[in-house]
């Protein structure tokens, strides 16, 4: 009995344990050196990551409020991996930061929130998980305490997310009013295509869209990404987004199964808008983080396309893509974070001539961008191809062609950065940066992931076998 | 009490919600924006409570939801106010129009 | 129309009226007071619905916590008595349109929808029961959300501390200057 | 033929010369290249002669008729079953004759060049190119397949390009070589399409099969090709005319002749080889090769050949009277003589005695090769001495270069058709054939023959008489022995070639022609020639004002003739104004501005759109909330009110 | 014969380059790798011929199938027929030559050679693939190296050109992707699953409406790679800005990927649509041929001349495919091989001239034959091959295309054929114009007189390519016999399409 609570909730327990360890360290009187702390925390996170693969017990707890299965464990492991990588790339920035422990406490609690969110079988848990993964993030966005942009970003984030969750709550309240239950499994059978249900669905979709940065609910994204510390931006763009997409799939495929004709079309509209607007804005950005923000918006449009397949393949492809996206985006953010932490430069123009001074970092960034653009032999190609393929299964070729053409635009802006790095001349290029061990490790893992994930089809097969569609 | 139909309570909450929405859209002071959000959350709470009481009295889902929402509203308000204060330190203003440095 | 109904409508009008004032008045301090009234009105509504426990929570958390927090922060950031700047006209127009559409739509949707009670059980709120269910793991207990929210509060607290904590360097002086 | 191997060697030896000299010549054969090439060609020539002997005297005949013998054949490129380029060797009378002519003249030129080109820095390269040209030409005449002939046809074109442009530092030489190549290429386009047409209907590319299929009355191939028509002309006529277009291009028939005079920019021995005896008669050879088809199945096409040839003959003769560059005079004379050959084919029929024109044409080809290359080589010797092509720089050279003088005179007499020189005999046959077939053509031919005598002697006198003997500066002498030997040999041939019994060897159907020409028939042409010579003697033997006066009196006509009737200008107009300015430039402009511009426009549009909508990301959080709400509203409207 | 070696060799070469120390090592490794590759290609040819003469009649030889992404029935399926072998040989010739002409690449040499090898890896992979997904994969693998090669080592407005090339090729890939999906989702194997497998797909009949819908995507998509009008504009800019070896790879290999794809994927798998759209293909091809030729005539930069002429010449490939007769398709394949070799040679010659004179403008050059006879000869040979001189590869391939095109009896198709034939005249004009001005004529600049002739590596490179050109030109039956069985299968499929 107790064993069940331990094992099913294992991932959460581990996180809570780490959070409390950190809390004790914080409360304790001993002064730790930042570097020691960082190394030990990263070690803990590594342990956490490894532990994620053992003693996983699928099960349902609290009358189905919480459930976990192998797929969810996998998703949590992906998030754990992302967390570990984010933690590694945050090293140069955190090394000098006063509130390092708080950073970890907050970020791990948001991860905890996400874990609960993706395991939720009940709207309440889902809502709480969502809030737990949002509110501390807004605080984290403000962690560059002296920077104007940072607090602006935090403010925009907290207000927007409050608004969005208020609307979503309104939806949930009517959902409750209409069905009388908050459990996903029961909801699935009780929802039919009446106007009230669709209204509820639209509100909830709005909430999801907000978190996933789907146009036109995306507007906070760019500003927050730009203003927040790079590590937080990386976290937002990868982990937070992946987590919400995981639960979004569950909600779409189970709770709103009956509204499929409507939501397919909604997703179509939103995805088209998202891809287009994301791309159009991305081509005119100069700030690296902002640029990656818009590019990640466009990526979500593609994920929606893959998701629209409503098939086992589609689900597999989305998760597979997110894994690849995690590697690619974190590799890019790793470089940006390092450069930003050591030189304070974040603009694409600053990266001109980067290759002359930092060949390794340039290659990491370039390969990451290629992967994001979906160019072989990087894994991004496989990810994107499978996504679009699972979308194509429905035969909506307008969407496919649109997505395919937009890949050209996205290709342009990724190459623009590559061009700046490799081809453009610059009299004052960024000086040669010593890459500390931890970020180097992160980049190595990411590179390995970018290069290998595509070829190792067993990853895809494994995800496929886990998907319980 | 039973003479008041559920819909009237829902009308009330709807009105309150959109008052909050209006406030959020138009208020230029960040703190008042936050206040508008509180109004919206409260209106949702009314919904939950009303549904629970009128339609699904055998369980307490709505009531519990309300309690959690109230708590979250508190937490959210706290963090938001902290952020606003921090922002005030750097911007010396809590006019939302001034916090628009990042755009396009 | 019974007294209960009359009370309901009075409370409703009170809530809405103070709510409107809270979002329109240009004196920020007054706005917060109107908000306070509105929240109290909601507590009254809960009383009216015989949910005393909830009404108590509402008053404690909102009136005792949030509004106080808000008022403190107003003191921290605004010289009292200042009028807030006027809303931007175009945005007000669009906001009004949005609100009109939204409320109109939702009101119509509600009035068209027939909410059917699933059972005739008399609603009975027992504080004792709330307490038990809150910490129960079975029988639809709410232990998990409870734990979850505690983590959230912890995180929010830490976040608030880090962000709002006075930094020891030059910022502090300017900050204090503003308060005075 | 029992030993095909040595026939294969005839073209291959020059090829080997080309490869060896081309690759190693500059290093290892700087001086010995000439000897190497000449020896190689000597071998080739000997093989040719022995082949001729074997064919004409030993094994060529079957039942008294000369056979077409396919010595060798292997499939080189198969397009579709039955239609393939086979590299093969086809031996028949004209092939054998051409083999002899080509290899012999080429040998002469090789020999002559030993002296003429001595001291050139690219001496080896020169011989390499000569080898390449000889190889291509020999390959051309040996071809057994119409596509094979096209293949060598192109090779001939390119080697002539290389030879004409040999003095590549002279812009005029480069221009001339380009012109020659491009004009003939244009003609070859016709040839190619002609091949496509013919091969499509006959389902073969092999000469033997092709001719058989298209001449057998009632064969399905002939029926379909006659039935298929385009613009009211049958596919057969189209095909043959297009093939003839190719021939006309190489043989410098009007209006595709414009490259020939310019091609004189090449070294003079090259002109002797290419523009007198070999390449320019390729067109005649081609028509002769396909003669059965022309004659038996499509007289209309043959008419075109006839008129084109006759007009070119006359037209070129007129221009030749006015040119002052001696090589250009010779060039136009060549064109005129080839016109002769062409119309001779045109007036001919296929069978027996009626095939006189064909025979005459081939006969003239044979004799012309010798006297015209002699003329060119003579001119080369003269140019070698005075370092100029212009008549005004010459005159009175008869004493200084006696051998050249005598041989040149013999050649002039031969071309003028004075008996007993070779030209007389061949020309008589042609005149006879045209007299029997078409009086108009006969008249033109007569006139042309008179003009020929006139301009050739104009040339002769201008070079060797005209001025006093001692007016000359440098005394180089006549050149080396190697330059003299070819002159003498060719002069001998120019005299005796007329006695070769061509009529019994080379006829359209393989049967000997026995008719002889009555003496009375010869009186008119010979006397016309004599008149022409006398007139030239009067005008040009000594320097006087008369030619000038006549020229002025002739006025526009003279000017037009001396400006080659403005054909060059017309071409220039078409190429520069029409092709370059009206097609090329607009195409390039269109590509740069419209097609590429469209791509760039797409990029600009995207960027513009991006700029246009940037305002939505206004940085104001309340706007964001409004858009959020707008999104919800939009979805509501779309999916609650508009859905289904 | 293990075809995977064609992937492993370049891969290991590329990895070895990464660990090399200096230019000397790098280029030696690259050369050794490419020579090995050439040897492997030759060995493949021999093995193929041996198999065929031993009576192996199967469509593809040396097949190897390995499950890859099992849930979507994606396999790593490789195999070759004559057409692929011709292409592989072409690639290996050009790779050797390309590495040789870049022998003295001083700037960022490691990256340069790495990218070159990566590019060749993409090409090899593309040609051995029998699965349209892997084909697509390898097709795109080659895009990034091109972008970087042009952008980093290029000249002129290199960034613009690199970007343009990458985007247009990406556009092509995007269209191809749509086409691939169309094919995939209309395929049904015996088990009811979809498949990417080329051989399986070729045995199915895709419904004609679907073919008509997706053929344009696949064909135009691949067509962009092979410069189909009006999507050819990346060709001039890209080629002109690229460093010599990259130009050679681009024109020699990369454009062939498109032609091969048009044939193998679009036409072969969707024969009905190929019939339905052949008029359009021919129209575009004819425009490309004529218009490309005329546009070439007006160019003043040697590389632009060759690039535009590539547009024109690749038009022959498309024309041959569009005519849908066996001869014309054979001709198209031959033209791919031939154009690959000669255009690479042309670019090599231009590169050699440019590296010495530092100009590519026709007007500024002159009389080079006197100064650098070897390079000039190479230039002339390339030019003559380009204008279709017998003995060189251009002649046989163009003639085969013409012969095959003429077999299509429609009057408009005939007209197209005649126009295409006419382009050989225009080709002669521009080739001779370029050669006449640069190689011949007086020396325009006195300091040219000090310039040196080709170095050993350049000579070697040129000889490799010239020998390729000559082999094809002199003994076309070798090539024809190689590719005929392949085209026969395609034509049978096309024939079936007419009938049903």
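Brief remarks on what is shown
Should a chain be cited, it is by its letter among A, B, C, D and E, assigned in written order, with residues numbered from 1 in that chain.
By definition in this document, a contact is a pair of C-beta atoms (placed from the backbone, for glycine too) under 8 Å apart; a residue touches a chain by one contact, two chains touch by 3 or more.
Every value quoted in this text rests on a predicted model; they were computed, and no experiment measured them.
Touch-path distance (fewest steps) from subunit B to subunit D is 1.
Chains making contact with subunit A as well as with subunit C: B, D.
Ranked by the number of C-beta pairs in contact, the top chain pair here is B-C.
Chain nearest the geometric middle of the protein is E, using mean C-alpha positions. Note on chain placement: the centre of subunit C and the centre of subunit E lie 70 Å apart, centres being C-alpha means.
Between the CA-based centres of subunit A and subunit B the separation comes to 27 Å, rounded to the whole angstrom. Centroid to centroid, with C-alpha atoms defining each point, subunit A and subunit E lie 42 Å apart. Put simply, the C-alpha centre of subunit B and that of subunit E have 65 angstrom between them. Residue positions 10, 17, 20-21, 24-26, 33-34, 50-52, 55-56, 61, 64, 68, 72, 75-76, 79, 82-84, 86, 89, 97, 99-104 of subunit B are each in touch with at least two other chains. Residue positions 91, 94-95, 98, 102, 106, 115, 118, 140, 142, 145, 149, 152, 156, 159-160, 163, 171 of subunit C each touch two or more of the other chains. Residue positions 124, 128, 131, 135-136, 138-139, 142, 145-146, 154-156, 159, 163, 177, 180, 195, 199, 222-223, 284, 412 of subunit A each touch two or more of the other chains. Chains touching one another form the pairs A-B, A-C, A-D, A-E, B-C, B-D, C-D, D-E.
Listing the residues of subunit E that touch subunit D in their complex gives 164, 167-168, 229-230, 232-233, 236-237, 291, 294-295, 297-299, 325-327, 367, 369-370, 373, 384, 387-391, 395-396, 399-400, 402-404, 406-407, 411, 417-418, 421-422, 424-425, 428-429, 432-433, 436, 439-443, 475-477, 480. If you check the complex, the residues on subunit A that touch subunit D are 155-156, 159-160, 163-164, 167, 195, 198-199, 202-203, 205-206, 209-210, 215-217, 219-220, 222-223, 262, 265-266, 269, 277, 280-281, 283-284, 409, 412. Residue ranges on subunit D touching subunit E, taken from their complex, read 26, 75-80, 83, 85, 147, 150-152, 154-155, 158, 161, 165, 168-169, 171, 174-175, 177-178, 181-182, 185-186, 189, 192-193, 196-197, 199-200, 230, 579-580, 583-585, 587-588, 590-591, 595-596, 598-599, 603. Those residues of subunit D that touch subunit A in the shared complex are 603, 606-607, 609-611, 613-614, 616-617, 619, 621, 623-625, 627-632, 634-636, 638-640, 643.
Looking at the complex, you find that subunit A touches subunit E at residues 312-313, 316, 370, 375-377, 381, 385-386, 388-389, 392-393, 395, 397, 400-401, 404-405, 407-408, 411-412, 415-416, 418-419, 422-424, 457, 460-461, 464.
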